[in-house]
């Protein structure tokens, strides 16, 4: 893959043609591998330079895409750790590392569903917001354990990702009711557990997720309803350790209203931040942890994510 | 108007062909007047019976429509108070009472806009939810005073009444930005004042308004942002005094998703309840009051609304 | 009844031989009437003096017994209002006033049950604390309306008044579960409504009730569970208007532990104060009101309770 | 007093030469009386015009001075109510009304101290902020009842009014400790009651008082410490009924730092707003009321204050 | 000890004949040792199988008994770690490991008392709930340091464990007052510190303790009273890491009322959960830690407890 | 330096002649080095004894001065770690360790400013309290990045350290406004971020800082304004791990009022405690961490600080 090919992929990521953190990571890993293999690097040093170049281009696609970034960090770290000199061998290593990364990620998702499913009690009512594969797998796992429970899902404006959730859950045989986003508080007293996914986790233990998540969390807290996040630890955004404010992407207002009055402005933030004080636990491959414990677990388990604290 | 005509009007109210509390009240007053005039009542007693009959039919249209109910109570009360015996004179009285009621209502709205506009400060940012003529008049009044301010309005799913608000405000020259309902907390720290309307006010001082209002109020409280309600006192629902739980109307789920998966349920509550503890003040024709003071003011100003406490 | 008889009755009230606000009021009214009838008063002036004397003795029995105090105030006020001069006629008036007072009180209780029952929804779960006849009548009324609901009642240490509640409710056919007082928070997320009685209501809108009530209220607020008080307005303690701190009676520690270690102290406060911010509404004969509105309603409805504000 | 004299007095009020709500009211009443007496009005109509002129000038002195405004409203209302035609008689009436107003005010202050003193318990610890004659009289009254209690007073920057409080209390024999304003939370867990005065009370039941009061209230609420306001009802600012935002006066920054660095800005707001949710009760001449009840009490007791709601 | 003997011991644990986490652990360790010694295992492999068998039987006795489980995990882990082959030597090792475990536990308790006693200030008032040897040792240690303080203890229904606390404290010379459980909020403003024990600590940092503990914690938080838990780290329930919901044991309702009306239900949950947000610190053998830090400390100090996160 | 010299330095530290945690640490390090060099120690053992002696004297100067204590712990730990025997060599080592410590501290401060500056957004408004070199360096760094922002600083009674902050910031070209301490809540809704320093961090994750800090934090939380602490990790007070209650130093009341009335008491606490629940993040040399994570980071990064947990 030439630099042009890489930039073409980057463009597709930037343009939201590829969606979902895992899909983006898969695409990026593939693009990196193709790039370094086809780069014609003659030496280890060249190879490493090409890796860095690919990293630079892909990191530039989106303000927040920690899983993709961590995937690339994993590749680069392990390539550095190897003592291979031959570009062909390094290319093979890159391929096998990509596969390893995705295999481990899949295993994490499996464990999250396994652990999280224990919190879905028979006869209970669960609320979710937006679409998260970790959440639907967890609910599907609980269903497969023979539990009977009811799920409320929001429609999730402006892009109606709640419809994906609704389709997946009903196909899994889970009894599901959809509501508009703003009906969350109306129903909260009947909810036993809120379960959502994450786009990113910060060094302070906060969770960045689809716009509206923090409002659900606020309403859950008001009603003493437990609020859990199901997320792989590799959603951890290591740049937050050093103070980078996670920039909240604002998207095209036409997603809200395609033919608005001319002078009307539209603001369309894609995410919001749910502070750790609203989160009962983060369900991850290491178990159910307090949000404050995540940074340590990431550092211990995935040191190549690359930050110093919490040692 | 025969009983059939009356029931036809009632049907249109029930079927939501007529919307907006004031429109419903106007229609009902007109229907009552037409009914009693055309009823062929020969005596005062007959006339009064026809009034009661009309009341019964119209009260049966909607679980919560306090302004319409209070309009009809006003008619009946004042007809009873008169000592006219002649059905024609009573018919004329009914007409003039209807006009008087609507004239007073318009005057109340004018006063609310006048009073409320004082709270819209130059350079401030206001958030509103759904559509309320009291709110847009208040904002329009403030604009006409030469103040410069910015309004955020929610789109208000499922029926997008926020688009009506957006059109009205932009036509008034008010700088306006629309957001999705669930972006409310994302922006709340930048909001100086929340201003919404009301569908009903209860004896406890709570406000019933479009679904999502209580979530906005919760988010406002969390950020110490003042939350005001602009409403005529005749939105007071006197039946709540005696314990009737204001039934929250749930509408057709197809408003949310017109072609949902077959087994998916949809719940579409139209309103929610914002408790008095979230409301800084109710801006009404009597001034800006605490929600706790409203019941007394209604009893004093409109005794014909017809409840005993707060005496 | 001689003064000795009166003091004997006062002694029984003081010694808690007579319990329940209504029973105490009945006993006191009877004692007053007997006293003035048998006092041998020869003139209106003598008669009035004897009334004051009886008042003084009975007011001295308990720090907080507003219903009894208001009963006696009612007698004295109306005797003063009459222009009767003859002690026999005044005696008859006293008797009929006593009956009138008790009849009105019964009517208030009936109305409270009627109004309150509308808040007991079919399929709901209600929590109550201690024993209150207003609460059991309300629940009984709801049951008689064919509603199906479940009641949790606390045992209410140290005197287990919850057992009276449990017996009454089960006899009324209400499905009832008893818990220890400290299990309240464990179950609160499953409760739809808390309903308790009152020993006194203060000028600030606070409610004094059996020890533990404020803890139930705190737990209810934490879980966004509505908390209502069912109480006749005549539980209003008018002395709180002028600043008297309602003294919380502390009873014999042996009620807690009959054979404690010698050096162990025991404190046994009988009541606690639930501030108005925890109370959604007070269900009284005037309807369901915010606690802040009670003082006005008392002043308007029962001016002889005898305080100036809220006019 | 010529118009010039009146404006000279107005200037002294505006320039803060006269301080304390009562002093300002006394001065204004005297100035009005002198003005109308010396105005040379020949007719009732002239006299009334001069009164209005005086009102206009004095109302223009300060954004918030409700006691003074209410004093002038009292004069004008009662002059209007009289049917005197003769300017001399009207002048005499003005004099006697002024005296009556001040006599009633003094009586209110006496009652507040009487009522409030019941809340100062033997052995307790009280915190106050700034200087308020109602507070020191209340504490003095409690001391004269033989109670032993301790008072913490803040120094109250920037003008150290806490020193006046400290002097008055120590002279009354009250054991007093001064702290800096920001030590309030450090000590709050040891405080049994907070008691402050008021500069104004609004239609929503909020209290405007010396800068920092709302911070004391916030800290009190966090620690479940009761927070009371001692204030005459005539501090009610009737203009807030119709929406006027009580403008918070900002004073010269040199009060904070007399020789600041040149480019440094200084902001010196004199008051802040304590919302009703922080206030347990307002101790006034009508007793101890919830803040929500104040507007009704003012309307009933002092209808000449001149607003419609709460009727 | 034959399998029958082991099951007899298990039966006694299950039947609550043995109470207190430490007693249960001691009994279980002894039973395991006896079982493996008498099992007639001929090989290391047999021996290990017998250990697993004993573990299975004892783990099945109670839903939550983390200290016992951790004791058995300790044995098994260290036996596995040894390279002994001879069953006799393995038996000796088991004995010495049991003693080592209990010795270390005692040392932890001593350290907790030492550390915790520093928080008991001279002249302060402490509240405790139920009975905890860690709490009484801490208070005893503080007393032995010459400090003068007062302890309030709840009676702790339904089994009155507060009486054990009261006896122990009074015997230690600590000035103690007993109250009913529901008087906790009545007194909370006079409390300087709440100190309770723990039955289990979860991966989220929550504490499971006697029913009512979470209500005490809620009341403490409302009054800004510090709330501490004194507990050995080995109360950590490692199964919560992987999502097991700690099942709250519900006991026989006859503990509440021995002769209830026939149709009355009784629910008797033994424990409740106090979430980490209510806990100022956990006083353990490692010092005073935030609840969020406990999982890491357990993993570092007692890796044989056997979970992966927090690494 | 003789013991006398050392005690002279200790006296100056005790007497607050030397202020600022870094200055105190520098002075103490210098004093230790001079003492051991001039002590005439002939052996390693003597040398170590002298070190301990110096530690004892310097630790006795102030109840809370963790940076100084950690500096001395660093010296002693590293001297112990070395295998040098010769007192002269040990003296040289002491010197170089002192320099190393101060160099590392300076590097930490630089990193804090770098990391913290990322949180100062262009166009934002920041509030700070008292004076902290970490805070002013962070703000200066942000300014040097070309960002435009406004800072409010409190005057910080009783010693007006806010004036130092104001001078430093205005000299750095930062637009700055000073307010009195009690105006913090008045302005809080306009603040985007609160940033303060720390005098000490405890094992529970709480921060001890200048009196009033916790009140600022409370006000920030009420308004949902993020609250950050900028502090080197070596402000961690390891003695809090083992339960020492950080004693809050109370200073001379004359700092508040130099000529108070004779009987007036003055209390002048120098610090207060801001609990972790108010702190969004601690900005330290390891990045931005939750307060709960600090204890682990200190233990990992600076094990010589000397406590066992969190391992």
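In order of appearance the chains are A, B, C, D, E and F, and numbering begins at 1 in each one.
Throughout what follows, a contact is a pair of C-beta atoms (placed from the backbone, for glycine too) under 8 Å apart; a residue touches a chain by one contact, two chains touch by 3 or more.
Source: prediction; values computed, not measured.
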Joint neighbours (subunit B and subunit F) are A, D
Here the gap between subunit B and subunit E, centre to centre from mean Cα coordinates and rounded to Å, is 58
Chain centre separation in whole Å, for subunit E relative to subunit A (CA means): 38
Provide the list of subunit E residues touching at least two other chains, using ranges where the numbers run on. 222, 277, 290, 292-293, 296
What chain pairs are in touch here? A-B, A-C, A-E, A-F, B-C, B-D, B-F, C-D, C-E, D-E, D-F, E-F
For a test of understanding, state which residues of subunit D touch subunit B in their complex under the given definition. 203-205, 240-245, 275-277, 290-293, 295-296, 307-311
As the complex stands, subunit B meets subunit F at residues 188-189, 192, 222-225
Quick one: which bits of subunit D touch subunit F in the complex? Just the residue numbers, please. 152, 154-158, 163, 166-167, 170, 175-187, 211-212, 214-215, 218-219, 222, 248, 253, 256-257, 260-261, 263-269, 272
Applying the document's contact rule, which stretches of subunit B touch subunit D when the two form their complex? 114-119, 121, 277, 280-281, 283-284, 286-290, 292-293, 296-297, 300-301
